[in-house]
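Next come the structures, one after another.
Two complexes follow with chain A in common, the first pairing it with chain B and the second with chain C.
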Partner chain A sequence: MYLHWLAISYSLCLPYLILGSFAAHTEQFDEDLVLRSLRDGKVLSRFSFTTRLNGTTPRNPQSLGSEDSSQHYTLFPLALGQVLREYAVSELHLSLNAGKWNYERWGYPEESGVGTGAELWAWMGAGDPTTVDERWQGLRNALAGLFCASLGSLDEQRTTSPSLAFAPEGSLPNWTLPHLLRHASLPSEHVCTENLTPFLKLLPCKALSGIASLLNPHRLFDADWHGMSVHVLWHEDMGVEVRLAFQAVFDPIRMSLEQKRDWSLQSIFDRSIRRSCPVAASSQIRVELPRDQAYSLGPDPTEIDGEYAIFNTKNVTEELNVSLRWPFEAIFEYPLEPPTVPLTHFSVRRILTGSSQSRGQLSITIQNNLPAQIQTIYLETMPWLLEFYLHTLRVHCDGRSRDDLMSLITYTLPVPHSRPTLFEAALTLPPKATIQITMDVTKSFLRYTEHPPDAQRGWDLPPAVFVPINIPTSLNQTTSLSQDKRSGRPLELRRIYTPTLLVDLATPDFSMPYNVIIMSCTLIALTFGSIFNLLTRRFVLVRVTDSEEKQDKVD
Partner chain B sequence: MLLVPLPFLSQGTYIDENALQPGAVNTYWSWGDVHRADRYLEGLEALRDNNASSNERADFISKEFKRLGLDASTQRYHYAAATGAIDGVNAYAVLSSPRSSGSEAMVISASWLSRTGEGDGTLNLRGVSTVLSLAAFLKKYSLWAKDIVFVIGDGYLDGMHAWLSAYHGAPSSVLEADSLELPSGVIWTALNIDYPGHSFSHLGIFFEGVNGRLPNQDLLNSFQHISRYTGGVPVLVYDHLDPRDYPGREVEMSNIPSWLPDFVKNMEDVQEYSYAAKNVLRHVGYQARGMPSGVHGLFHQFRIDAITIFAVPAPGPHGFHAIGRVVESTLRTMNNLLERLHASFFFYLLKGPTTFMKIGTYLPSAVLISVALLFGGLGEWVNAGWVARPAFPSDEKSKDILAGPTQLPLKSRWTRRSRPVLPVLSIICFTHATGLLLFFLLTKSWVLDHLPVMSPILFLLVSLLAPAAFFSLPSQTLPPSQPFSTILKSFTLCLASTVISIISVLNFSLAATLAVLLGVPLSMVAPSPRVFGRIGNYIGYITLGFGWLFFIPQVQKAVWAWEVLGIWFAPFVCLVYAPLVMQAAIVCLFTS
Partner chain C sequence: MPSSSPSSGASSAPPIVSALPFESAAVRRSILAAYWLVIIFALPLWWSSTSIERLSLPNSRVWSETTRTLQFPLHVVVNEGGGASGRHDLDRQLTERRRHDPEAWQGLQLHVNTGETHIPPGGPVAYEVDIGPRHGSSILDSRRLSCEESEVADILNSLLAPYGKGADRGDYRVAKYSPRYRLTFTLLNEDSAAGAAATGWGIEDALDRHITPVLSRLSDLHNFTVESQVQFHAPLAFKPVPVVIDGKEEYGLTQEDLTVFVNSAEWTLSSSVSNDPVLHFVLFVPSAARRPLHILNSEGWGQHGLRNLSDNLFLEGLPSTSDAFILPQWGGIVIYNPPSHIQDHAHLSPSHLERSFNVFLRQLLALLGVPPLPPGVSSSEISLTTWQLDALLRRRSVENVAGCQETLQSIVKLVDQIPNMPVGQDVRGDILQALSELEQTYDAAKTSPQLALVHSSRASTLASRAFFNPGMLALLYFPPEHRYAVYTPLFASATVPLIAAVIREVLAWRRQRKGKEGLENDPGLPGKKKTE
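And then the complex of A and B:
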């Protein structure tokens, strides 16, 4: 009887809820997997899950005092939506990556945020009753809880507001008060399966069906590079969009016994697609077709669109195992020469030299691969552990001093123990030139309590970021660098991240022998002091003169 | 000091860092990899037979690295040293570890020339092919937490020094080297493979670095453990075979004097002593000169713990299969490190593969001598301040004594006298200036090129400079009662004691050598009453101080080591040791 009543009430409520939510906005979920064979035999895969909440706007921070409208979603992740509404975030980007992206071999990534470790940046509207910094703190703690990552340590010692490099990717609502950027990165963050599980929970079909069923942690975390990211954008004409992406670079040669680069979904993910996600509006696998050699692709794709073979996975009737083979290749031979057409506009390497624990030199070498002038933004967000000597900043171009190539320098001084350095400048790269930037740095001396209590490997420094701006489009069309038009994103938003650095700061020896030495030295000093005192002090009888004695008697 | 090799003063080695876990993994290095190493060896032998230039060799090696799918590059370098120019090309490759930020790295290196005879021209072809085939093998695994950098240094020490200087941005006035195109992370540990023979019986550990720095003992101990239990290869300190392992050949291999009676020779402790003494002497030979005992020694100055694995040439039984497994397992151990090696000892004397001495045990031997010198010097200082004079009759006290019933013999009386410090200090400064001048001249190419002619001239120059200084002293015009020689001796002794005790903490072997060379001669020095005695003593001391000028190859090598590798031995001898002995020689010139 009771059960019966429950069933009735449930069946009455459910349509109401669905209808109610549909009345406010419509939701749409799209999924997409891109697979690309790279030059060195590796395979790049990028999963993208987009949920769109049509007709909505981000919350205005001035309305934070009053009660928010109720949140009823069917596809949109509620856990994330609550966080976004609570802290009135207009745009948010979070990426958790493991590995070093090799731009020279792999070209530009599909998701441009590939800096090692965690990176979080958000645009938030200013306004009462809470400040942007208070909401930023709440946001990173909430995301830390949501994604099981140590984002809580992205505190004010790591937070900066670089104005040029992290422009909003969507549109920002036009409120009375301006929007502010907060950016922080944590290069020592390790990404593993405890981050993937909450990530999968945000998907409407979890990892049960659709292309998300390929996300097999055993394989993903054995990849040469892997990273997950969450992007929240607002498009003025559409609404709020949440895009969850997972990007990984696999090495089929390492997994194959015969040194071949052939791959299939089964071989790289150890899974194939058996069911489609029923709520997905669109679902597809795009395989970039190789250009160099004869290949065989199986099974037959749904359609071929230019360089891509597209497999529609909206309705999977039988098991789908996409595979790409090079039948005439006995073993894969690595290319010995660099590509004739460079894969990136320019290549960057950044090193920290100097083996002493007090001083060092930061050296950045940028090589322009194009026969045209490029402008780029150079950004360093350095924790106060490393302080720049800005007067030693030198720019050399092919061996000659060219300080004029750097302009628009923004520099925020670090405050030891509280605020990081922000160094942002515009660089002009002459055609086919190599630019070297050097700057002396000093390594800070930490307080006793600032040393972490665990094993001491050094301090990770965040990557430098380069954002190309103003690249001649005519050149771009002739080269293979126009991958951008496929992903439909403007070239200006491609960022290049350098690898992270590790710095050794002066560290006291916290080990037991050190304590023993201190203890025994103290004891010896005490013993020596007292014995020396006894030996050198002369004990003499002081005779009191008669007159004084008499005086005493009189008294 | 003779007690140092005694067995009861040593203790067994042990592994202090828990993270290392040596020998705890299965190794996968197989005969297929041995075959690959053999194929690389064929390629290298073809290069050797064609007399390939450095450039061709580096191109070949970097191309092989690129075939494996590694980022590889070459680096040219040029040394413009006074001892002669050196050119070469290094080849190196970086295996980026999957899923890691690449901010930490391990190095596996081999130099083109083996360390046999300190780079006398023996090729290290098998070492190079081991590194190449290891690169192919290690790439197949995704478990590396640190980047692995493979470096094939040209020459013996010069190539690796150029590479390391460029890697760490340590500029040198004599070195011009390309900057490295492939950066990697902070290097914590490095293994250098030296495999000159056809096959080997033992793996020897070489560990002394530039200026006497030593790697953390955990690295040696883990390697020793792995080699013994994973690779099944016995480990030696250096290439010293233990005579006790060869029952039939004890007599020819042992360094116990043959005139000793047999029962002494067969005593266990005597054999242990002689083996330990041999190891300690070899160690002192490297460390005192500051010369690295292999290519690994160049790493230590950049806080990288490194050793050379030397495959002791023998007819058998081990080859690529054994060394590959040992290196694989050692790399896995190094890969386990969460922080720099810090737990175990940095100062030790290795007396055998599994026995060592702690700093607390061996340090007193040098410090005691230094303390003795200090007391000697202070004694001389007191002597200089007092003089015994015969008692004057006018002195009331002595009168009383004379008048006394005991009839003591004529008593002398201690009286104070002034101690002229300034002239003595100027002599000391002059001797050190002479050392500086000598060092300055030795680093000039026009002196070095004609050293057989120049060294007698230099020797004559310094031996004439000392008397010149002595006779030009204004002190000669002062009354001879002033105790110049005593004050000079006291200062020299105190200075020597200070130098020895400071050096003993940095470089024990150098301190011990100094203690032996300076201890007795400086304490014994005294002015001789006879002219011939004075001249004889003087010549003896000058020869002790500057006689090394006649060891021409050694002088050239030491100057080269200073210019190219920055080894402090040559300037130390010229600026510290020789002036101290010269001061003693000047003491001999005094008449009283």
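And then the complex of A and C:
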């Protein structure tokens, strides 16, 4: 009788169970992998893991004083959610990159934040109980702990607020007090496995199923370029969105024995997809199809959408190993000449000249590749080690002085030992022109204790950032720059990062303090001794006898 | 030398030393004295600029405050028709139990009174006991107990002093007191890709039903931050052993496995945002390939041994009656084997979670040190009784006071031991404040356990803040050798001529005095000789 009742009660709750799985799901997880063969035979891969918390808003900083509501998450990473709620962050972008992104050969990246090292920027609402700067400090320390990165050193000496170049990518809640931006970058940060492990732990399926199972640290950190990023946005109509992305550029030619650019998931990641992530709402691999030559793609994609072959990995029943081959190409020939068709709208080169340890010149060359005028924002953030002489700022266009091309200059002077330099300006690039900007700089003289342990190496300077603000859309079709429709994001958000610079500052001999002590002690002792001696010396009159006097006179 | 000619006397006379206007012994001596004066006056300045700030600590007060014990007076008022005889009887029985288990009764001053004794409101805590014949179990009301005469001493003993040796086996299980705890509930799927995983749970409902009422009851002691997450891949660091239980193939966890059950390398459980201690509650759903999973009894191994089943060696185990275990001071784990008909991507409903959350509640109470009710006692209050809360308040106050006393004594000892350790105003202030909070704790214990807890918690926080003050480490790594290395090249070279000059002057003065005496005694002798 009892057993019978048990069976009935089970059968009663069965429909509830099934229904329950569809009800109350306000969280959604999507994963996506883009693979693209680049012009120089390399392969770009971009993993994107998006978790959306529908119907939520960021925490209002004015509520920080009171008790927060409980956080109950299913797919959203709790460790990150705690940080966001604790410091009332509305929008957050963190990227940790290694290597130099080569815009000329690789074109625009899928993730635009490719500056070398660590970069963190956040929009936070002003509020009463704690200031934005206090929360910014807490945020970077919490993220430093979460990602095992030295983000704690992104302190006041590196924090700036360049509002033009880093506009919010989502929407900002409309609170009574305004939102403020904090931005800092640390070009000397090295990215490695200890950063990837906590990154993977934030994913619902970790690196154990779905697309994320391809994230093999041995191969990722062997790549020519690699970087991970975390983006937290708020969309007014949807809710808070966390996007974790990993981007890497692999070199299949280096790995292959036959010098071919053929690749497969197995060859570049040393893994293949065996099982799908059970909680992903959508999961796909998109492979960009080559346009120039005959290729063979295997296995058959789920669908072909324009220039992309899409593999649906929502339900993987057998091992999936996507591969792309060029069967008629015996050996890949590396393009030695510079590319004839530019991949970016404009290209930038930045160098620091001057051999002295106190003076130098910053020189930026920008080449507009389009037959149309481009408006950009030019941003330099420098630690106080480098000070710009704004009166020496010169803009030359094709050899002629054109000071009218630069406008809307914002310049924040550095304060030695506390505040960095911020230089932000709007720049007009005439069609097909080359602009050269030069500016004299002075290099600071550091205190003895401010030098890093490897003082002779020099100091890494953060990259300059260029943000195109209006590119004529009609030109996109005529050139090969159809990137904007690839990622579905507006071109305005495409930032171009220059490579970092290394500045050589006056470096002391580090035994100096002891030499100084000894030297000054010797001097003091000498001076003291002679003065003291002079003061206390006993002067005695010696009476000279007459005979001696006479002798003296004779002498 | 024309200047010397007017001063020169007879050829036999000694050279006249004071011929030059500045060349006199007085001038030279005053120059020397001026040097020494500067040095002597500069010495205190040098001393104060190089010495470390080391304020004196109130050592004797620390020792006197930290050797006191916290005393809670307890008044038990007996309402009984019998009168004084029952009271004496109860008093005698409780005294005997007290002698039997002094540890449990430490810090409790028991007074047994009859109903006529009037206890003023706002005074010490008083409990009423109605003794009389009863049918059924004993009843607890708010600070009121009704029970039979034969049981009263036992029940009172385990209600008032539940933390004895026998009653609560695990002092070590209880998490250290903190004004705020973070409770993290995690639904862990060992491997959701293997199918039949639980991808969601009715956590908020389950919390409202089981946990929240108790948390609000405990609000006098702690504040709680509650949060939850779901994880879909949480591999174990070991493989559970396949066992045969009642002829069916199942999987078992041995007692050794439980000690390494939490795989902190792979599970994301830790919280990085605050310093509040975290108590974890994990609902572990084993992989579909390893179900059902049970905890094996410690005896299960020896009795049954190995048995050969279809060419594989299987261990025949004896499942434990429980599927849950506590990790001391860390949290609790419940192993949940979903019913076999469960679908893929199941959402666990509150009815599924009922049993597990009851276990979580018991684990939470055990981790917070809430004493269990003695058997055969029922209460009209929901969740926790006032008796339990009072006992817990007393216990936590005692714990805090002991911790604070120990910390204060350690600071005093440490400062005495290390002469180079700086003691700043903030450390001293923290210690003084901790001492005054301690005093207030002793006073508050006479009237209100709640107040005693508040003060003891503050005292403990202040004491540990003083102990961990970073300023106390400032000069610990600046050895005296370093100082000498800097000072010697400067001071040695300057002081040697100074001292030499003093010695010379003293010698000259003595010789001069001797010469004068000699002249006075024997005027025929020639005067002082030339000294240079």
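To be clear about the criterion, the second predicted complex is superposed on the first by the 476 of 555 C-alpha atoms of A that agree within 3 Å, B and C clash if a C-alpha of one lies under 4 Å from a C-alpha of the other, contacts with A are read in each partner's own complex, and residues count from 1 in each chain.
Following the convention adopted for this analysis, a residue touches a chain if its C-beta (ideal position, glycine included) is under 8 Å from a C-beta of that chain, and two chains touch if they have at least 3 such contacts.
Source: prediction; values computed, not measured.
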Chain B versus chain C as contact partner of A:Ile531, first or second or both or neither: neither
Chain B versus chain C as contact partner of A:Leu208, first or second or both or neither: second
First (chain B), second (chain C), both or neither touched by A:Leu146: second
First (chain B), second (chain C), both or neither touched by A:Gln82: second
Partner chain in contact with A:Leu390 - chain B first, chain C second, else both or neither: neither
Contact breadth on chain A, by residue count: chain C or chain B: C
First (chain B), second (chain C), both or neither touched by A:Leu408: neither
Touched partner set for A:Val341, first chain B, second chain C, both or neither: neither
First (chain B), second (chain C), both or neither touched by A:Pro278: second
Chain B versus chain C as contact partner of A:Asn102, first or second or both or neither: first
Overlapping contact positions on chain A, where the chain C interface meets the chain B interface: none
Complex interface listing, chain A residues touching chain C: 10, 13-14, 16-18, 20-21, 23-25, 68, 70-75, 77-79, 82-83, 86, 142, 145-146, 201-202, 204-206, 208-209, 275-279, 517-518, 521-522, 524-525, 528-529, 532-533, 535-536, 538-545
Contact footprint of chain A on chain C as seen in their complex: 1, 4, 7-8, 11, 15-17, 19-20, 23, 28, 31-32, 35, 184, 191-193, 195, 197, 199-200, 202-204, 207, 225-233, 235, 266, 268, 270-274, 339, 341-349, 351-352, 486, 489-490, 493-494, 497-498, 501, 530-532
Chain A residues within the chain B interface of the complex: 40-41, 98-100, 102, 104-105, 116-117, 187, 221-226, 251, 253-254, 333-334, 336, 349-351, 353-355, 361, 363, 365, 455-458, 460, 499-502, 504, 509, 511
Of all residues in chain B, those that touch chain A in their complex: 19, 63, 66-69, 71, 96, 98-104, 139-140, 142, 168-170, 179, 181, 183, 185-186, 301-303, 338-340, 342-343
